[in-house]
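Listed below are the structures to be examined.
Across the two complexes that follow, chain A remains constant while its partner is chain B and subsequently chain C.
Our next item is the complex of A and B:
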C-alpha cells in the first residue's frame, strides 16, 4: 500500500470514529445552546437507542439478568436493521418529549449543578435498569446483511462496508438537522429564542413548544447514534457513559450550540483517534472485528481538548456570549 | 477534656438551660475536636463489636477504617462543592492518582507510612493545580465536564501507556508498607485497654488523619478564607466586583480539595495494600459526588454521614439477596429524589428537624 492509500484509510476511519460522536454531540450541543440545560443523561439516551435498536433488529439470547431469570431467554423482534433505524428515533423522540416536560422543565430555574446532578442520577438509573433487566454482559449487535463484509474502494482497497454506511447515515442526518435549524421557520424561532427569549415572546411566539421539540430532536439524534454505533462494538450497560464523555469533549472543542462546531469537533476527535490507532499504519484493522483502540489514542483526544481550551476557551465555533 | 469545656463556658451563661449552654459551646473549635475524637474512638467498637448493635449492623473493623478514609475524601470534596459551588467530576484523578503514587512510592522509594501519604498527597496537589488551571478556564457546567474529561485521561494513561509503572488492568499489587516511624507495626493491636475500642494501629493511623481533616476543614471554613469561598458560591460576579481574585480563590479551593482526596487515596493504598485501576475511573468521581450530595453538601458532617451510609450499604446491604442486586438502581432513584426534593441532603433534613426541636425546647416563642 502506498502512503497516500494509508492516509486515505486513516481519513475514512477517522470520519467513521467521529461520526458517532458527531451525532451524540450535536444533540447535546443543541440542548445546551438553546435550552441551557446540561444533560448528563444524554449518554443514557444513546444507551436506550442501542438496546432498543438491538432488540428491534435482532433476536437476542440472554445469559443472565432478571428477564432471563423469569424465563425470557430470547428477546427481540428480529425485524431487521432498517426497522430499527426508523422506529428507534421515534421512540427516543417520545422519551425526549417526556424528559423535557417532566424533568428538564422543573430544573430550568435551578442552579446548573442541580441539573447536572439530577441528569447524572438519571443516567445511573437507566444504566442500572438495563443491567438488572438484560444482565451486565456484552451482547453482540449483528450487522445487517447488506452491510457485512468489505467493499473494494479505489486506491484504499478493502474497507468495511458498515463503516461507509455509518459515515453516510451520519452525513444525511447532519444535513437534515442543519437545514432544519438554518432554513426553516422553526429553526429561526429556536435560534432567535437562544439570543433573546424575552423578545421572541413579546413578538407573540410561545417558545415552549419549539423548545420541547428541539429537546426531543436532540434526544432522537442520540438514539440514532445508539442504533448506528452499537453494531461497531458490543452492547452493554456502560456504553452510555463511555460515549458521553468524548461527546462532551466534542461539544467543548467545537463550541456550544453550533452544529458546525459539533461536526468539526467530532471529525477532529475521530481523526486523532484514527491517526494514533493507525500509527503503525499496518495495524489498521480492515475487515470487521473489534477495533484495536490503542491506549494513546484515548489520551490523545483529551490532549487535543486541553490544547484547544488553552488557545480558545470558548471552542472553535463558539461565541463568548453563550458561555 | 469535655468537662473543662463545660465549666469554662458555664460561668458566662449562669442559669440558662442545658440547651442554651450547648448552643454556646457547640461551634467552639475545641468542642468540635473533642466530639470528633470521641466519636472516632468509639466508632469501630460500636460499629463492629458492640453487643446487639454490632450484631445487628453486621459491620466489621476494616469497613470502619474505610468509612473514615472516604470521609476524608468527602470532606475535601465538600469544600469544593458545598462551600465554593464547584462541581468537579474529576476527583477520581486525585484519589486514584494519590493512591497510585503512594503505592509506587512505597515499592520504589520508602514504605514509611507518613512518607507514603506525603508522596501521594504531593502528587494530588500538583495534579490538581494543573487540572484546575485547565478546567477553571471555563466556569459552571464546563468545569464539571472538563474535570471529568481530564480525569479520564489519567485513567487511560494508567491503563496502558504507563502500564509498566501501574501494572495496567491488574492494578498495582506490590505495595510495601513498613512500620510507622520504623518501629510501630500498623497491623499490630494497640496496647490492651485501648485495643478494645480501637483495634489495630492502622485504624489509629487513619483516625488521626481523619481528625486532622475535620479540624483542617473546620479551620478553613471559619476563617476569612472560607467566607470568601462562600461569597463566590453565592454570587461570583459580586465577589469579583468587591475586588477579590475569584479565579485564584477557586483554584486554591480546588487544590485544597485535591489534597484531601490525595491523603484519602494514599490511606486507601495503605489500608488495602493494593491499588485497583478502577480507583481512577470516572465512577469513583461519581461515587464521591453521590456521597457528598446524599449526605448533605454545604455542611461539615453531612458528607461524612454520607460516606458512612454509602459504604455501609455498598458493602453490607449489597450482600442481601435481591436488594443486593438492585442496590445501585435503588440508590439512583433515591439520589434523584433527594436532589429533587431535598437539595440539602440527609444532613439538611436532620438539621431542619433539630432546629424544629430546638425551637420548641428553647421556648422563645
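Our next item is the complex of A and C:
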C-alpha cells in the first residue's frame, strides 16, 4: 500500500476518533466560555444522551438492574435511529434548561472548585443511577440499518460505514452551531455578554435568557454526541466519565469558548491518537526490548495538551480575556 | 445480607445467649449435637487452637464463617463479574441449606461447613489490580474472611493471590487465564480451576489450522496486561509450531473502546488471519468493530478466549469465529445439566455462563476440602486440595495439580453462531471438547517450569 493511502487512512481514522470529542467539547467549551461554569456533569449529559438514544431507537433486553428485577425484561420504544437523533437533543436541551436554572445559576459567583465539586457529584449520581436502573453490564446499541457494515473507499479500502456517518453528522452540527453563534443576533448577544456583560445589560438586554439557552444548547450537543457515539461501542454507565476527560483536553488545546478551537482540538487529539496507533513507530526496538507505541496513544494526547499549554496557555484559539 | 434467617437454629440460640467465645461455643456445640453432623465443627472444625495454632484468620471467632467474593462489578469485565456474583450467592445458599451440587458432593452436608453457617462479603475490583488488592485486604483485615475468591482480569487475580500468600488466607481463583497466574507468581495459597492461555493455544491450534489451512500469516492485537501478554505469546508459540507465521503483534490498552485505528493497521498488514486477544467488553467491542470494518472479508478472525456475556454483547459479530470457553451449558453431562437447571431456577431462567460455573465450583471445592480436612486450618485445607482428583463439576475427570495448583482439565473449543440462531443463553456451536490428555504440560515445563510454591505456613 502506498504512503499516500496510508496517510489517508490515518487521517480518516483520526477524523472519526476526533468527531465525538468535537461534539462533546463544543458544548463544554461554550458553557465554560460564556457562563464561566466548569461543568463536570457534561459527561453525564453524554451518558443520558446515549441511554436515551438507545431506548428510543431500540428495544433492549435487560438482564440486570432494578428495572429487570421489577419485571421489565425488555424496555425501549424501538422507533429507529433517526427518531433518537431528533428526540434526544430536545430531551437533553430541556435537562440543560433545568440544570442551568436550578443548579448552575446558584454557582456562577462561587469559586471554580465549588462548581467542580457539585457537578462532579452530580455526574457520579447520574452514573450510579443508571447502574442501579439498568445494571452495570454493557448493552449493545445496534447501528442503524443503513449504516451497517463496511464501505469500499478508493485507496483506503474497507471503512466502517457508520464512522463515515459520524463524521458527516458532526460536520453538519458544527456548522449549525457556528452559524448560530457567528451570524445571528442571539449569537451576537452571547458573544458580547462573554466580553462585557455589564455593557450588554446597560444596553437593556437581559442576559439571563440567552445564557440559559446557551447552556441548554451545550447540553443538547452532549446528548447528540451520546446518540452518535454510543453505536461505536457498547453502552454502560461508565462511558460518560470516559468521554469527559478527553473532551476537557480538547477544550484546553483548542481554547475555552471557541468553536473553531473545539473542532481543531478534537481533530488534533484524534490525529495524535491515530498516528501513534498506526505509525510505523509501532514496536520500535529499544535497548532491552521493543516498545509498543500503540499502548502509548493515550499518553500522546496528554503530551500534546501539555505542549500546547506551554507554548500557548490560552489554547490555540482561546483569547486571554475569555479564559 | 446473605445470611439465612429462615429458622431459629442452634446458632441463633448461641448468638442470643451471647456465647461468642470459642471455648464456650465448643462446649455448647458438644452438648447440642443432634446427629445431623452439624456439631462436628464447633470445636475442631473452626479450630479452637487445641489442634492447630492461629494462622491468618484461623481460628474463626463466632459461629459464622465468612467468605469474600471480590469481582468486577464495574470496568470492562463487569458483566462477567456480575454473573460470578450470582453463582457465589447461590453457592453460599446451597452450602447453608442444601441443594445444587451440594447434594451430590459427598463431602458436603448442606448445613454450612464444619458446622459453621457461611456468610459472605462482596467487593468490586473495578477490573483494576490495585483496587482488587485493596478490596481483598479489607476482606481479610476487617471482615476476617476465611477464604476469598474472585477474578476476571488475571491482573486482579495475581494481585489477590499475592495478598493471600502473605496473609495466609486461601484465595480460590475464579476467572483468570494468564499463564502467569500459576506459571510465574506461583502461590501456595491459591488454586486455579480455569485453564490458561498456554492450554488454549494447544486446544485451538489444531482446530483452527485444520479449518483454515496450515500456512497462514497472522497478526495479533492483545490487551496490554498480564493476560493479554501471555495470551499472545502462547498463540504465537502454538500457531508457529503448527506452520503459521506472525506478521506483527500489537498491544492495546485495557478498557479501550475504539479499536478502529488498530484494526486499520491489521487490515493493511497483509496478514491472512487476525487474533483478537481481548476479553469481556473489550473483546465484544474489538470483534464487533472488526466485522463493521469488513476485516472478515479478507482475513480469518480468531477470538481465542470467549464467554457468554461477551458473545451476547458482540451479537451477530461472533458468527463463525473460533475460540475457547471455560464451560458452556451445552456440555452434556450430569453436573453441567443440573447446574444449568438450578441456576436457571434461581435466576428467572437465566442460562449460566462459564465464569459463573467457575465461581460456583471453586467455592464448593474449597468447602469440600475444609470438610475433608475437618478444619479450616489453611495448611490442612491446602493439602486436601492438592492432587485432588474429581469429576463432579461438569468438565470430566480433573486433577488439581500439587506442583502448581493448576487444574488439569478438558477445554471446550467453540464457534460463534449466526445472530439468527442465537437463542437465550445459546451463542456457540460446540466444536470440540479437547481432552486434558491433549493439552497441558509437565511440572518442569511450560508455564510450570518456573514454579516454586510459597510456604504452607506450618513449616
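In this text, the second predicted complex is superposed on the first by the 308 of 323 C-alpha atoms of A that agree within 3 Å, B and C clash if a C-alpha of one lies under 4 Å from a C-alpha of the other, contacts with A are read in each partner's own complex, and residues count from 1 in each chain.
Simple rule for what comes next: a contact is a pair of C-beta atoms (placed from the backbone, for glycine too) under 8 Å apart; a residue touches a chain by one contact, two chains touch by 3 or more.
None of the values given here were measured: they were computed from a predicted structure.
Novice: Just chain B (first), just chain C (second), both, or neither: which does A:136 touch?
Specialist: In the superposed model, A:136 contacts chain C only, not chain B.
Novice: Just checking: does A:42 make contact with chain B only, chain C only, both, or neither of them? Give me first, second, both or neither.
Specialist: In the superposition, A:42 touches no partner, neither chain B nor chain C.
Novice: Looking at the overlay, what does A:125 touch: chain B (first), chain C (second), both, or neither?
Specialist: first
Novice: Tell me the contact category for A:9 with respect to chain B and chain C: first, second, both or neither.
Specialist: Second partner only, chain C.
Novice: After superposition on the shared chain, which partner residues are touched by A:241: those of chain B (first), chain C (second), both, or neither?
Specialist: First partner only, chain B.
Novice: Just to be sure I read the superposition right, which of the two partners does A:313 touch: chain B = first, chain C = second, or both, or neither?
Specialist: first
Novice: Would you check which partner chain A:249 touches, where first means chain B only, second means chain C only, and both and neither mean what they say?
Specialist: So A:249 only meets chain B here.
Novice: With both complexes superposed on chain A, which partner does A:298 reach: first (chain B), second (chain C), both or neither?
Specialist: After superposing on A, A:298 lies in contact with both chain B and chain C.
Novice: Check chain A for residues that touch chain B in one structure and chain C in the other, and list them.
Specialist: 131, 294-295, 298
Novice: Mind pulling up the chain A residues that touch chain C in the complex?
Specialist: Interface residues on the chain A side: 1, 6, 9-10, 13-14, 16-17, 63-64, 131, 135-140, 142-143, 148-150, 157-163, 232-234, 236-239, 242, 273-274, 277-278, 282-283, 292, 294-295, 297-298.
Novice: Could you list, by residue number, the parts of chain C that touch chain A in their complex?
Specialist: Result: residues 73-75, 78-79, 82, 224, 248-253, 257-258, 260-262, 264-265, 267-268, 281, 284-285, 288-289, 292-295, 297-298, 309, 312-315, 350 of chain C touch chain A.
Novice: Tell me, which parts of chain B touch chain A in their complex?
Specialist: Within the complex, chain B touches chain A at residues 81, 85, 87, 134, 137-142, 144-146, 148-150, 152-153, 156-157, 159-161, 282, 286, 289, 293, 325-326, 328-329, 331-333, 335-336, 339-340, 343.
Novice: Please give the residue numbers of chain A that touch chain B in the complex, ascending.
Specialist: Touching chain B: residues 32, 38, 106, 111-118, 120-122, 124-125, 128-129, 131-132, 241, 245, 248-249, 251-252, 294-296, 298-299, 302-303, 305-306, 309-310, 313, 323 of chain A.
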